[in-house]
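Shared between the two complexes below is chain A, which pairs with chain B and chain C, respectively.
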Partner chain A sequence: MRIALAGNPNSGKTTLFNAITGKIEYVGNWPGVTIARKEGDVKKALNKGGSKIRVIDLPGAYSLSPFTTEENITSEFVKNENPDVIINIIDVTNLSRSLFFTTQLLELGIPLVIALNKSDLLKKKGIVVNSLVLEKQLGCPVMETASTTGSGLLELIEQAKIVYGKTQSAPFTGYSKSASGQAADDKLKHERFAFVNQLVKEVEMRKVASSKQTIQDTADRIIANKILGIPIFGAIIYLVFSLSQTYLGPLFADYLVGWIDTLYDYTEGLMGAEVSPVLSSLLLDGIIGGVGAVMGFLPLIMVLFFLLALLEDSGYMARVAVVMDRYLKKVGLSGKSIIPMVIGTGCAIPGVMATRTIRDERQRRTTAMLTPFMPCGAKLPVIALFAGVFFSDAAWVGTSMYFVAILVIVVGALIVQRITNEGPSKSYFIMELPDYRLPSLKRALISMMSRAQAFIIRAATIILVCNAAVHIMQTFTWSFQVVEPGMENSSILASISSPFALLFIPLGFGVWQLAAAAIAGFIAKENVIGALAVVYGLTNFIDTEEFELVAGAGDVASVMGLTSVAALAYLMFNLFTPPCFAAIGAMNAEMDSKRWLWAGIGFQLGVGYTLAYFVYQFGTLITTGSLGAGVIPGLAGIAAFFSIIAYLIRRNDQKLRHDLKEAV
Partner chain B sequence: MLGNISTLFIISIIIAGACIKLFTDKKKGDHCSGCPYSKIGNQDCSCSDYLPLGKISKLNK
Partner chain C sequence: MELTVAHNICKNNLSGTREESVKQNLNLTGVEINYPYKIKEIDTEDDNMKEFLFALGCYEGEKATVISILAENYVINVKDARYSINEELAKAILV
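Right, the complex of A and B next:
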């Protein structure tokens, strides 16, 4: 038996899907989280008969006449793939909006069970729904459920089994159904709305009028305010970074780093002196040291992920979307562009994928180009490393990276708008704000553990392989001789990285070791840490006292040969240049244009380089009174980048004028 | 000598294991190993379990 879960956005479909299948799919307290269908089997505890029941979670839809791509997925599935039963999930606190879609689903003839979800909120909101009357009027079973607590799920599955194989009648019989054309369609919609409104009057009783201002409305006036919203967002992100990087994170990180050091020492002791230094160094410094350096950040980012999950679950991130929406619309992006960017803070790949909900091709491609600027989960350990070792765990480093990202996105969107010659577009994005709620610790823990597991797997696979490769390339020359002490510049790694290092002189990090780490970051951003650990022979970035033990350096800066300003420039270069290859692949798929893809990569490279250049040069000027090395060559490179942009803008302006003349 | 062989064997096992995991995940269609978003669906589908818009429009044509 195949059951399709269908319903309006943010009605709790994925939460219900997770509850009945035992899966851990990504859920968010805002509409539009699910953009593709997901499948799973009903878990044994809810499936008494034992026969296999397949459940398909579909993206949210308001109607069977699709307006967006994800609505199209839902519409196509229920119409063409013949599920045996449809479970229509309805947000019971928002009945009138949900039943429009229900009446359409009932017309398909497929047996339908209605899940009145979020029923646990009814009492709190002072709403009474007579499910028996609703059941009678609609002609299908109606069950009260609460997917967050698991209430009513067993009965829901049992009802689905009962209706399986039966026929379904439709209660709504609008007289315009037989007619065709736009006018008839509009009339049919009005009739359907009238039917739904009448039905809601019969079954629902609200003690509090929906038009009355609630505490939530008052809170939204402040939190989602166009002026106050931004400093509030800044303060919250600052708090999140402070807790994860300054207070809670390092507390746990010290233990983990201690264990990694113990493993290092134990392995070293086990090998003894008889093992070749090349092999022992590969195992100790390349594999254990490199992966260990990345793993040391696990507690910090676990705390960060936990806090971000709490924020998402509370409904706050949807407010951030509303605050940012008005700014993005002004620079020619769709109001929907904010959703991919918020998702991109977790991982750029699903963020880029989420751009598919944007209908306008130019806006979709622009959003796919700009979304990777948001600091994703893989970039967080890099931020933590630099904030920790160069800025004494200052929370402003991480916070400012989010604001720089937003600024880059806004300016980038403006530039693309000018290049593609589009005026400010009208975008009627209406985002339904979910209610604020006390975030679930369980959901935040699940989210945190899922991301932590991902982090560990990445450290044990792609980062391990890259670190081993970096170590081997650093150990041998091109003639495959072991590099002599003091002759590190003759290694394979040094010879590959050195030409790139020349380009980085104006940015303050023109040494091959840092260039090699930055290049490794294009495979996966966490690789920056692993590669730095390997090339500098460090295993522990958490306890900064270790730096003093390495190379006899008196401070952290001299180990890497970086000033704090250059370190900030290096961090910005790594954050704002193109994302990892996997995310570039997603950009390629969504943009569906090689020209846009290469333009996007070029733009990201130019932005990353420019930001790093100005941070280093101005920072050096402020801190030392003189500009850093390579001012003129760097400026020439940046001038070339902006000349190309200016040329493209000018070319399009001319084209526009030409088109206008022809039109006149 | 035995120590060298043992160490080389262990290193080979570790790197080969990581490569096999990467290869099998890639074969399953995952964009990247370990990505929590790759776990959408349970068989051959991944976070790329959809046709990009461009391909949809091409198919429609």
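Right, the complex of A and C next:
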């Protein structure tokens, strides 16, 4: 038996899905979190003695006429894939809108069970719903549920089993297939809503009209305020960062690093002197050292994800979209573009996929191109390391990287708009504002654990393999001889990365070790840390003696031989160049155009290089009074990048003028 | 803007036209806060957007209330939900 979950956005479908299947799919308190269908089986506790029940969670939709791509998925599924039962999830505090979709679903002939979700909020909002009357009028079972507490779920599944195999009749009788055409469609729509309005009058009692001002509205006016909106956002991000990177994170990281050290020593002792030094070095410095360096940052990332999950659950993210809309509109994006970017702080891949909720093709592609600039979970250890080693105030660096990212995105969007602008057009923005709520610690913990698990799996697979490869390439020469001490430049790794290092001279980090780490970062950004640990022979970056990140910062900095300015340039380069290959794959899928993809990658490379160049050269000028090495060649490269952009902008301007003339 | 509205009202009064408010082009950007207005028309060529607004219950004959104005966004109440819409969309909802 297959059950489809369908309902309006943010009615709690995925939370209900997670509660009945025991899965941990991504949830957030804003509309449009789920963008692809998810499947799972009803867990044993809710399906006693029954045969397997498959549940399909669908993206939220307001009606069966799709508006965006992800709504299309829902509409296609319920119409064409014949689920046995549909569970229609309704936000019970918003019957008057939700039932429109319900009446459409009831016409499909598929047995339907209604879950009146969020029923725990009824009392608080002073709403009474007579579900018995609703059940009678609609001709389908109506169950009260609260997916956040799990109440009513067992009964819901039982009802789905009872209706399985039965036919469903539609209560809305205005439906007539004989008439067709625009006028008939319009009439039908209006009749449908009239039917819903009448029904709501019969079953719902509200003590307070929903149009009355509430404390939530007052909160909105402060949080999404014209002047205060951005500073509040900044303060919250700063708080998240200082907690995860300066206070709580390092506290936990300390224990973990201690264990990794113990493992290192234990393995070293276990192997003894008989194992060949090449092999033992591969295992100890390449694998345990490299992976350990990345793993050491796990606690920082877990604290960060925990805090971000709390924020997402609170309803604040939708307000961020509102605050950002006015700025993003000016650069040709929509406020909705902020959602992929927020998701991109976890990982760029789901972030890029979330661009599906944007209707306009140009805006969607631009957002997919710019979303990877947002520092993702894999880039965090890189930020944390450099912030800790080269700057004393880690939270300040982390927070500013987010704002640099936003700035890069805004400027990037402006450039893309100037290149691809198709003339003046209206841009509408509409977003449902979910209620604020007290975030659930349990949900945040679950979200944190699932992201931590993904981090560990990556560290144990792709990062481990890459670090081993880096270590092997560093140990051997092209003739497969072990590199002699003092002859490090003859290794395979050095000879591959040296040409790239030449390109990086104007950026302040023209040594092959740093070039190798940056290149490894294209496979996965955590590799930057792992590879640095391997090439510089460092075992961990977090001090075990004191409760702080990289207390021996001076040592690490001196080993790398970088000034603070060059380190910042290196950090910028790693953050703002093209993302890992997997994210580029996601960009390819969502952009659906090779031209856009290559333009995007070229643009990301240009941005990373330009930022690093100016940070290094200006920074060096300010700190030492003279410019850094390779000013002229670097400038030439950047000039080439800018002339291509200028040429493309001029070409588009000419095209626009031409179009305008033709129109006249 | 107030001047334009005043001007239109004068003009309408002089010519005694019937479809007064349509000519005045009163939309959600020019209404009182916290007061429910009956929607007269959704004035857009974007049929998809019109269809979408319909599914939310935002169509001629239904009520819309402006709850607050935040920078260039309007928080409105339609049916029992709050939406944030931008100025362009607010202008398209005639009341």
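The criterion applied here is as follows: the second predicted complex is superposed on the first by the 636 of 664 C-alpha atoms of A that agree within 3 Å, B and C clash if a C-alpha of one lies under 4 Å from a C-alpha of the other, contacts with A are read in each partner's own complex, and residues count from 1 in each chain.
Here is the rule we use: a residue touches a chain if its C-beta (ideal position, glycine included) is under 8 Å from a C-beta of that chain, and two chains touch if they have at least 3 such contacts.
Treat the numbers as computed from the prediction; the structure is a model and nothing was measured.
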item: First (chain B), second (chain C), both or neither touched by A:I456; value: first
item: Touched partner set for A:V607, first chain B, second chain C, both or neither; value: neither
item: Which of chain B and chain C A:V382 touches, first, second, both or neither; value: neither
item: Touching partner for A:E590 - first (chain B), second (chain C), both, neither; value: first
item: Contacts of A:L134 with chain B and chain C, given as first, second, both or neither; value: neither
item: Which of chain B and chain C A:I349 touches, first, second, both or neither; value: first
item: Residue contacts with chain A in the superposition, chain B compared against chain C; value: B
item: First (chain B), second (chain C), both or neither touched by A:A468; value: first
item: Touching partner for A:L282 - first (chain B), second (chain C), both, neither; value: first
item: Touching residues on chain A, where the partner in the complex is chain B; value: 23-26, 35-40, 69, 73, 271-272, 274-276, 279-280, 282-283, 287, 346-347, 349-350, 353, 356, 364, 450-451, 453-458, 460-462, 464-465, 468, 524, 580, 582, 585-586, 589-593
item: Residues of chain B that touch chain A when the two form their complex; value: 3-4, 7-8, 10-11, 14-15, 18-19, 21-22, 25, 31-37, 39-43, 45, 47-50, 52-56
item: Contacting residues of chain C [partner chain A, same complex]; value: 34, 36, 44, 46, 48-49, 51-57, 59, 62-63, 65, 67-68, 70-73, 75, 77-86, 88-89, 92
item: Partner chain C, residues of chain A touching it in the complex; value: 62-63, 65, 67, 93-97, 100-101, 189-190, 193, 210-211, 213, 216-217, 220-221, 224-226, 229, 318, 321-323, 325-326, 329, 335, 359, 426-433
